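In what follows, structures are represented as structure tokens.
Below are two complexes that have subunit A in common, paired first with subunit B and then with subunit C.
Presenting the complex of A and B:
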């Protein structure tokens, strides 16, 4: 039916000697995450935890900014990666209720590469750098928490005070936030 | 195939005893395969019985019995293929009936694969269609080994990647039969593609992963602050409001109560922003990411897939996917009509076909630590900071630190306690673009 096989044999013979594997294979998504993990360059301010070390598609990222308005806070993000990775971006959520213009009270994050600008060439490192950037440079023009964005835009000092209050577990504009001090 | 116009029903055989063998039935097929064409390769195509028997004997697997699958099954059966298998895990919905023509109103709720198989067998005597209702992942390599060609009419990238990886993994140097041409059709509205993969020889579906159009997404902050379109209001209800108010319910997009709830939320938000156009069916469409299926796009793409299957099975004409030639046909019907056929190149660092698993013999009594050390010495690897896993287990990760800590105890464990004979170990290392895979055989 096919002449293909003769081409196959003309090809450099591969080292495979004992035929293909019959057992369950590592999936392409797992392979890609493993590769991304091997290339992770985490600074002192970040670390990962794997609740189930055998499952690399679900993990927690802990972020402890050492500069900026969120300095000395401790924030955790859940990463959930599907078998569609890297066609689909990882699903990332902040696990604390925090006061941040780009993160809502449910923990949803407005970061372009987590949604509309995700591309399969991006990796986990890019996402993690993006999250870190949100804490160094909160951005009032992409608001997910409108009140926080408004504060940041109108009065940076008020915003700074509100960040401090909220991180201590205090109340800002009638919302009580989680205490996130290290 | 030569076209004859016949009134509907004339060629339909109703005399029960027909096994599809009447000479008149295959007159044009036999003519086509009975002489060389302008482009047929004289060293490969010997007109006459051989290609005719190939069509009769080839066993083809059709994955998906939906819009594309119905067309593909029909085309194959009417082209003279007689051994078909079809897999689909879905049941028939009333909204399928406008284009999935193997189904009737009475079939709603029945499994697609079995209804499609029955219809084709009834309509085309002599053609045997074996259905399997379930997931492709239920089947193992022995099952896929039975077929000569696999044709996909799927709407899921995950399923495509799985069958692609499976077929690439099945290629055995010692066995020519293990190389199964994979023909993949796909449509989205007025656009579509057909492509052919010769596993390990040409660019595979994983090499082509970035050819899939990303799902159009609107920034979360737009949804949260300044919706402009009815879709924005629906996505807001779907992504933000559901999480906020019904966190503990898992959203089921087939549950009318859930869709109604989202619809009501979206509607009140649309009123607030003066946006017209939120309807129940739009809500369903946005939430389930439904792109209206166009019957004729399916017909065009399925026709292309089946033409390739016919040419591969008979060698009667050059086919898409012959190594070094074009393997990808894209079709665009929404801005005029345009097709472009090209060769998608194999990626040398493709995680699926770039570095195929090599066999390695290991002493089950030796430790994982000894194995990792030996990796540093193997000439092709010389790994510095390897990460290793099997399908179900993280064996050892050099990075990140937390995984290193939790997998470090494995280094002292015996290999037989960590893996099974025949399991694949996948290894990544920052020093290498590409992953290494070994099939572990215990000595």
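Presenting the complex of A and C:
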């Protein structure tokens, strides 16, 4: 008879004999991020860059919309993934000061799946698609930048003009925005 | 012709008994169910599978981590229904009471 049980005990003995992890352990979050990154299907309008190639939990996403009101802009987002991933969503921030109803002046992003609707079966691709969607369809309900949302809701043309001004580094309602033209 | 075996390697395969149509990977850690969650070293009984009433399956360690996090609100990460473990079907024969066993023997 095969002695599976004793094999298992031998495994455990071996494990305790080895003592505490001798080499740096790859964490659950790293494993999962690695899988997510390998499955990323980025369109031409998006690119990821890793400032520290050894650290896959922190990277930059560059977004260059090719349609919509934010066309020909260049936006970068920092992704910071905690060791709790995928139980916690990645922390995503826009690195430019931009005029957008769903992004505040500090760069915080209002996207349901980055907040209350996050669930661990979502992957980085879902987040990135969500970000892209925000630039194609800015959303006036539940805004982070209330002024921008008001403009979008009341007068789409005024909103369009403000987006253009802000992207050129101009001034909208007393706020100066970063120049983000490609 | 006579064949004499001098040695052989026994090979066995196992699979979890999961609901039909279920994925073959855990949606949380994205590792196959027959593999381990990211915390475990050995698959099988050490890293069991939990099946929900909604028929969604996860490594037990993965789903319990999620259910213990505040943001989960006790919901299945796939379908957002409350996650309850599916109770195994009742055994076919009713269990006999110890007294009954004694009387029968």
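FYI, the second predicted complex is superposed on the first by the 161 of 182 C-alpha atoms of A that agree within 3 Å, B and C clash if a C-alpha of one lies under 4 Å from a C-alpha of the other, contacts with A are read in each partner's own complex, and residues count from 1 in each chain.
The rule is short, and it goes like this: a contact is a pair of C-beta atoms (placed from the backbone, for glycine too) under 8 Å apart; a residue touches a chain by one contact, two chains touch by 3 or more.
Here the structure is a predicted model, which means the values were calculated and not measured.
Shared-chain residue A:32: touches subunit B and subunit C both.
Set against each other, subunit B and subunit C differ in how many residues of subunit A they touch, and the higher count belongs to B. In the superposition on chain A, A:47 makes contact with subunit B only, not with subunit C.
Using the contact criterion defined above for the overlaid structures, shared-chain residue A:151 touches neither subunit B nor subunit C, since it reaches no partner. In the superposition on chain A, the residues of subunit A contacting both subunit B and subunit C are 2, 8, 11, 15, 27-28, 31-32, 35, 84, 86-88, 116, 118-121.
Remark: subunit B residues 44, 54, 58, 140-141, 148, 157-158, 161-162, 165-166, 169-176, 178-179, 181, 198, 200-201, 206, 209-210, 212, 214-221, 224-225, 239-240, 243-244, 312-315, 323, 351-352, 356-359, 385-387, 389-394, 397-403, 406-407, 420, 422-424, 426, 428-430, 435, 437, 439, 441 touch subunit A in the complex. By the touch criterion given at the top, residues 2, 8, 11, 15, 27-28, 31-32, 35-36, 84, 86-88, 116, 118-121, 123 of subunit A touch subunit C in their complex. Across the complex, subunit A meets subunit B through its residues 1-5, 7-9, 11, 13-32, 34-35, 37-40, 42, 47-50, 53-54, 56, 82-84, 86-88, 102, 104-106, 108-110, 112, 115-116, 118-121, 142-144, 146. Subunit C meets subunit A in the complex at residues 10, 27-31, 37-39, 41-42, 62, 65-66, 69, 71-72, 75, 77-78, 80.
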